[in-house]
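All chains are identified by letter, namely A, B, C, D, E and F, in their written order; residue positions are counted from 1 within each chain.
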Amino acid sequence: MNAILSVVYLVATITFIVGLKMLGHPATAKKGNYVAASGMGLAILGTLLLHDLEVPTMIYILIGLAILVGGAIGALMAIKVKMTKMPELVSLFNGFGGASAALIGLVAFSRQLGDATQATTVISGIVIGALTFSGSIIAWGKLDGTFKSVINIPKRNLINNILLTSIVVFAGFMVISGQQEPMYIYLLLGASLLYGVLFVLPIGGADMPVVISLLNSLTGIAAAITGLLYDNMVMLVGGILVGSAGIILTVAMCRAMNRTLLAVIFGAFGGGETVEGEDRAVGNITKTNAGDAAILMNYATNVIIVPGYGLAVAQAQHVIHELEELLTQRGVQVKYAIHPVAGRMPGHMNVLLAESNVDYDLLVEMEDINPQFPQTDVVLVVGANDVVNPAAHNDPASPIYGMPILDVENAKHIIVNKRSMNPGYAGIENELFYNAKTAMLFGDAKAALTELVAELKNL
Amino acid sequence: MNAILSVVYLVATITFIVGLKMLGHPATAKKGNYVAASGMGLAILGTLLLHDLEVPTMIYILIGLAILVGGAIGALMAIKVKMTKMPELVSLFNGFGGASAALIGLVAFSRQLGDATQATTVISGIVIGALTFSGSIIAWGKLDGTFKSVINIPKRNLINNILLTSIVVFAGFMVISGQQEPMYIYLLLGASLLYGVLFVLPIGGADMPVVISLLNSLTGIAAAITGLLYDNMVMLVGGILVGSAGIILTVAMCRAMNRTLLAVIFGAFGGGETVEGEDRAVGNITKTNAGDAAILMNYATNVIIVPGYGLAVAQAQHVIHELEELLTQRGVQVKYAIHPVAGRMPGHMNVLLAESNVDYDLLVEMEDINPQFPQTDVVLVVGANDVVNPAAHNDPASPIYGMPILDVENAKHIIVNKRSMNPGYAGIENELFYNAKTAMLFGDAKAALTELVAELKNL
Amino acid sequence: MNQWIDLIINNLDLIYILILAIFVGVEVIKHIPTILHTPLMSGANALSGVVVVGALLVMLNADPDDYLALCLGFIAVVLGIVNVVGGFAVTGRMLQMFKKKD
Amino acid sequence: MNQWIDLIINNLDLIYILILAIFVGVEVIKHIPTILHTPLMSGANALSGVVVVGALLVMLNADPDDYLALCLGFIAVVLGIVNVVGGFAVTGRMLQMFKKKD
Amino acid sequence: MKIGILKETKKGEKRVSISPKIAAQLIAKGFELIAEEGAGSDSSYKNSDYREVGVQTEERGVVFKEADILIKINPFDKDDLKLVNEGQILISQLFHKSDPELIREIAATKASAFSMDAIPRISRAQEMDVLSSQSNLAGYKAVIYGAYLMKKILPLMMTAAGTIKPARVLIYGIGVAGLQAIATAKRLGAIVRATDIRPETKEQAESLGAKFISVNGENNEQNSVYAKAASEDYARKQREAVNKSLFKSDLVITTAFVPGRKAPTLITTEQVEQMKNGAVIIDLAATEGGNCELSKLNKIVRHKGVKIVGTTIAPESVSYNASELFAKNVFNFIMHLTEGNQFKWDLEEEITDETLIVHKGEIRKT
Amino acid sequence: MKIGILKETKKGEKRVSISPKIAAQLIAKGFELIAEEGAGSDSSYKNSDYREVGVQTEERGVVFKEADILIKINPFDKDDLKLVNEGQILISQLFHKSDPELIREIAATKASAFSMDAIPRISRAQEMDVLSSQSNLAGYKAVIYGAYLMKKILPLMMTAAGTIKPARVLIYGIGVAGLQAIATAKRLGAIVRATDIRPETKEQAESLGAKFISVNGENNEQNSVYAKAASEDYARKQREAVNKSLFKSDLVITTAFVPGRKAPTLITTEQVEQMKNGAVIIDLAATEGGNCELSKLNKIVRHKGVKIVGTTIAPESVSYNASELFAKNVFNFIMHLTEGNQFKWDLEEEITDETLIVHKGEIRKT
């Protein structure tokens, strides 16, 4: 192989590592994306220009065409897609990567296979590539709404596992027996495609991101296998990197959703269990965590904190002040919106916040702050409930109807911290929590805010 | 090579990585040491038992003898050494490792060298091993007190750099010319040993840990080179691991001492600059940082906080309370020692700590807390000065002579947070800061404690 | 059995690379904030498009008259490039939100 | 020049291993608390004693009458083992302080 | 419609029902205002302050004659009622449950009367709730008053001349006044304990840093906003639970009410005798008979070294703020009752229904 | 030696120089004690409390006759001195610089006299420093007293009935009393501003959460513990700098002293007239002529809506704590002066030197 190309691949590999690393921190993520992308460009250009092969111009033209077409499609889709549709696009792209790997495997198979090692790589490349492809396409379709319903195949776990076992056994047989019959490989291909479909189809939409991440990790492995096949280091190392990082990411996502990866892989995914029945009554709630809330607030221009009785119960006044100071240091404009009846006695919030030395100038009365919500990036509601309940405007039957409230729903993002979905003093449901803009940060206010402050410091 | 041995080496390599990782966290460090040690045992045993060579019994006996002797010496030295003498012991051991690498290189050189690659490895192994050896021995001697004075060789930087360049050029010449004359290699060996000595000799005792770390990193590189020579993966990867980790560690240590690695390597080390003249007047002060202070407190059984006027100036009452709560959660027993004249008005500390809701029961009066200091693991003095100044006991000339003080010097460790070495209200020096048990945590109390809390949370 | 031993011995370097790369992948990703999960997934997805290098090799190595290889290779390149270009572009868009407004 | 290119091509795997190992080393050590500097240094020092494997190989490979090799190898093994055993033992002692007393 | 602001006639009362600031707001809403001369003088408002914002100031008789709506803080008394005309609307606190005789007399005048103290304790009525706004101030001032009378200071101080132990403060009744008293005593650095018959007040007291004293066999039926009268059994258990704290307390503030009934007796003479020499009791329930057996309204009783202060003067003593808040409550109340300056008389509506005691001479509530 | 505790004779004084607790400590050290009957009654100590710890209680004359050391808080007056015998040791505050006549009279009795108010302001003397221990309580009580007199509350409250703005408190003089006043007002939620002639007090005021008002051309020579008298130029600049805050203040507390001189006049009548209606001034410097032109000792002067309270009663009004602290100071002082119950008369030693005004009939300090 060409020595310069080797160096180019080496450099590309390093950019992958560094790029991935940078992608893991909010402050460097954008740059990381560029770094990784430029490494990829380098690898592709190097492959094209630095080989020692004799290649007919026709093939160059074909390659050029393929790159043009592919590049145009990719770029267009990426630019056109709506913000909310991005995850499914990622899934689609991932499927393409898998398909590419499977196709390469097929071509390799069509040539004579060498030793068992090579057979293993080629066949596993095809299997993994194919199931990644079909699985990703299904995931894309489900998220996109093309395949709507959660299809409940009876005994799907059993069927899936049997299918998977058959594929593995059959592939093993092919390797050991040295079978090169095209029929067989197409059979295997078909089975793999089918497995991908069956694997993803029964899974609920909410779990899709985990599935996509898992499939993504598999594509990485497929790429690594292809690298093995061509003795190509950039594919090998790059693929493994994606594979291992992808698994870790999948686990992290599972953890963020309070599931285990085992449960995910072995079919505990699924229809019935994903959504807690109760919440459904009014709508879906979105949960968030301290890390996300911290990032949202860190990158906001202005934040309004709405304290309520829960802040007093949790005795979180000192932490909220710390949070406010920290955000202010970061250049975020922070105010407190004080509802006249927040808490359990007149001036409850004032006593509380005075104790932690919050500047009086930051406390804004309801009438003054209400017009400011539409221009507010993030509202953080801490242990308040009735005082931000839109039922006061909307629901004449509600006991608080007619009471002026803090119109937090006009803000761009709303983070609500409380311990549970329990109602407040007035004992009524709060629609705000089901608002699409609202993310619930569950937990005792003191603990949750302490975590939030810690996350913020790590940014 | 034997496949099982390869696997053994692979496992050993992994234990090295994992062990090193675990060594980096206080909670897992002990286990990490075991993990790494057992990996090392595995590698040694594997090497001895799983080779395919025909080895005469005599050699086995010799090897056994060497291991017994070496093991006994190593174990004895490690067990016997006093806590305070450990760093020099590490340096000594490190020198041995370097010597071992150099000897291996010499043996290899004595056989015929193959291609340039092999020559490069052998010769660089000898050079690096030798200078690590002599450098480490000097470092050990300096720390141990065997070589006492800072020897100031005139123009030492110039001499050192000329010597280094000569070594490199000469080694390069040997590789390229394919010289195999033993004389030459002994010359090189001698020059390397000399360089090690000259490199370390002029450096002040305070900088020794950085030097040791750097030499340690070099030993790792020597080991890796040896691995290359024998095509032995465990040596190669293990050595590189130590080499790269060692460099990072060296940089980290430099940073902790407010120096740059460049300054260190290129001779900015050194005699005159290391100690600030002023401090010398009364003695040496030891600086610490939030990370260390956090660990010290986290692993303490009991901590006493001594607040003073600085706490009020910094308005750090809320943070100190957070610190106290955090430590209490971790099972550390925390109390505040309130000196009757701490601050600038009677009850100043009480007002302050009441504001942050510190439990009254945790505030202990001077007479009650003074007998408790000898049983106290850590005292954290925050912005207090006169009220902990032993001059009140010892120095009849002092304006505070006869004033009762908090006898914090009886505690096992003392951490003092203040912004500088400036005196307090009474305008006098405080011996406490120069006490061997005292570590100074410089910085505004609020900032320093906030960092301390953050570090504590990361533990 | 022997086959496996051979496999190990012949590919020892690769195995080391594999294991080290896994370590790097894991170390590099650990402790990322949840909000970066999706962009990171997207970025990793773009990286997995490195398989396009393989597709290019297929085409470069193909005989001009090996239509199967050329055809499949062409599709593979197209798909791979879509993955790479689209992947990085989408990731870039997702990361827009981390621009500090001021 | 050619020599170097050969070097690279022949040792490509090793170079990858090298670079990946450096990454692992760096990632693994980053962000350690200062108080662990010394124990870590000590632990790394013990690990660098892995050179003893080389010393053992010297002896194992030595002809029984190659006294130079045997002699130097013997010393190398002794020194290496001192480094390993002493290194781990000292590290262990340094780490005693992280035992949670209760 | 014309709103008449009357000067309070009750002894010691320093507040006024409408402050100049709120008067201006009412005028902006289209009402005419007329005030009795000197109505605001004890709250630091001069007649000129009223005239500046457009309020007519007149003699008492003129106000009664010209106004359509008459506003006071304290109940209209016999002298007032002589001047009231048919069809006029009276707004004040009436405490109609404790004084049916007065209600009958109002009905006799064929006027309509709203009672501000009858506003239901629901979230949306809170802006008109004078009991809340005034008890809040009372809770604050009770602590200040107590701290003023004490020979000790409240906070802990460790000084060169020895340590001063923090004062122990005990609060009976954790309603609005009790909570504010907790907050204020806590701010001053005292050790605060509190007790109440309603169990849900535990969390509220703790949210302000007080320790709650639970009474064994807590009255579990007590879960409404208002307390019910306690059984004798409960009272005994309460004494047992609280005594330890009571005998160590330096300042005791009692705020326990049971609406429409005499205030419960929570501290007996016998208990007072076991209290610390120099302790102070501020009894905010004195108007309703007091929570302490010994307390006398508007008197400081000294009993065996303990000062017992029977008072309601607390809001009056912060007359400036108290008048502002009362006025704002009244403003909100009037806004709630009227539309385009005319009363809606929406008798179905909860707040109107609960507060309209006499409607055009007819008694609606007893 | 026998220590005599005298009852204070000054009007309004409620403290006693030695509390039973400290008396017990002195007895433990080997002193004998004798107290005038009723000495502690205003600080809630009964005669029996003294007797219980071993103090003899006797009539006034007996105490003067039997005691070797006589202790009071306020200066010995003419009546006292008639009963003093040669060789007795008098300990009290003497304010010798302001009253040389009294010192001459003491000298005439051939007794020795220590003045507690002359204890030097050095760290090790702080435990005997009665000015510190008493001003500290004064600072606290001044705020409580002010809050009690005000018609407003101190904290900010945002309530359903509107927002109550926090009171603005202004402190003149950031010595011990001023600092404690800042702390207390701050605790109660007020917005606190403070000013002093000594620039180093800025950091101290800020360490308690107050904003410091700097006076242009700050007196830079002022860097000792005690303030020097200000120039007229400074006084004018100070008025200019402070006026804006002063005219917005609801409560003003003045604590400025210049030792051995009349207290500086910081608030003129003209300034008072521009203050808010309802504002309160507590002038703790009233004994030395007051920091406010209008203040009269122990009187509440009302001037155009402003109440000016000239007082020193603050420590007396917390007599219980004040007596404890004073007693502890005296205890530490006696411990410092004696060894094995005998006076050391170590005239070289700074504290002894500064406080021993009259030594066996000879005047040492003027």
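Methods note: contacts are C-beta pairs under 8 Å (C-beta built on N, C-alpha and C of every residue); 3 or more make two chains touch, one makes a residue touch a chain.
As the structure is a computational prediction, the values presented were derived from the model and not from experiment.
Note on connectivity: the fewest steps through touching chains from chain D to chain F is 2.
Shared contact partners of chain B and chain C are A, D. The chain with its C-alpha centre at the largest distance from the centre of chain B is E. In terms of C-beta pairs in contact, the better-connected of the chain pairs B-F and B-E is B-F. Using CA-based centroids throughout, the chain positioned farthest away from chain D is E. Of all residue numbers used at the contact between chain A and chain B, over half are used by both chains, marking a mostly same-residue interface. Chain C and chain F have CA centres that are 81 Å apart. The distance from the centre of chain A to the centre of chain E, each centre being the mean of the chain's C-alpha atoms, comes to 56 Å. Rounded to a whole number, the gap between the C-alpha centres of chain B and chain D is 18 angstrom. Residue positions 14, 16-17, 20-21, 23-24, 28 of chain C each touch two or more of the other chains.
Shown for chain B are the residues in touch with two or more other chains, namely 17, 233, 237, 315, 340-341, 346-347, 351, 354-355, 357. In chain F, the residues that touch at least two other chains are 126-127, 132-133, 136, 155, 157, 159-162, 164, 187, 189, 209. You'll find the chains touch as A-B, A-C, A-D, A-E, A-F, B-C, B-D, B-E, B-F, C-D, E-F. The part of chain E that touches chain B in the complex is made up of residues 155-164, 166, 189, 191, 209.
Put simply, chain A touches chain B in their complex at residues 315, 318-319, 321-322, 355-357, 454, 457. For chain E in complex with chain F, the touching residues are 14, 43-44, 126-127, 129-130, 132-133, 136-137, 140-141, 144-145, 147-148, 150-153, 155, 157, 159-162, 164, 184, 187-189, 277-278, 305, 317-321, 324-326, 328-329, 332. Those residues of chain A whose C-beta lies close enough to touch chain E in the complex are 309, 312-313, 315, 340-341, 343-348, 351, 354-355, 386, 392, 399-404, 425-426. Here chain A touches chain C in the complex through residues 16-17, 19-21, 23-27, 29-30, 32-34, 36-37, 40, 43-44, 47-48, 51, 53, 55-56, 58-59, 62-63, 65-67, 69-71, 73-75, 77-79, 81, 83, 86-87, 89-90, 93-94, 96-97, 99-101, 103-104, 106-108, 110-111, 116-117, 209, 212-213, 216-217, 219-220, 222-223, 226-230, 232-246, 248-249, 252-253, 256, 289, 291-292, 294-296, 299, 301, 331, 455, 459, going by the rule given at the top.
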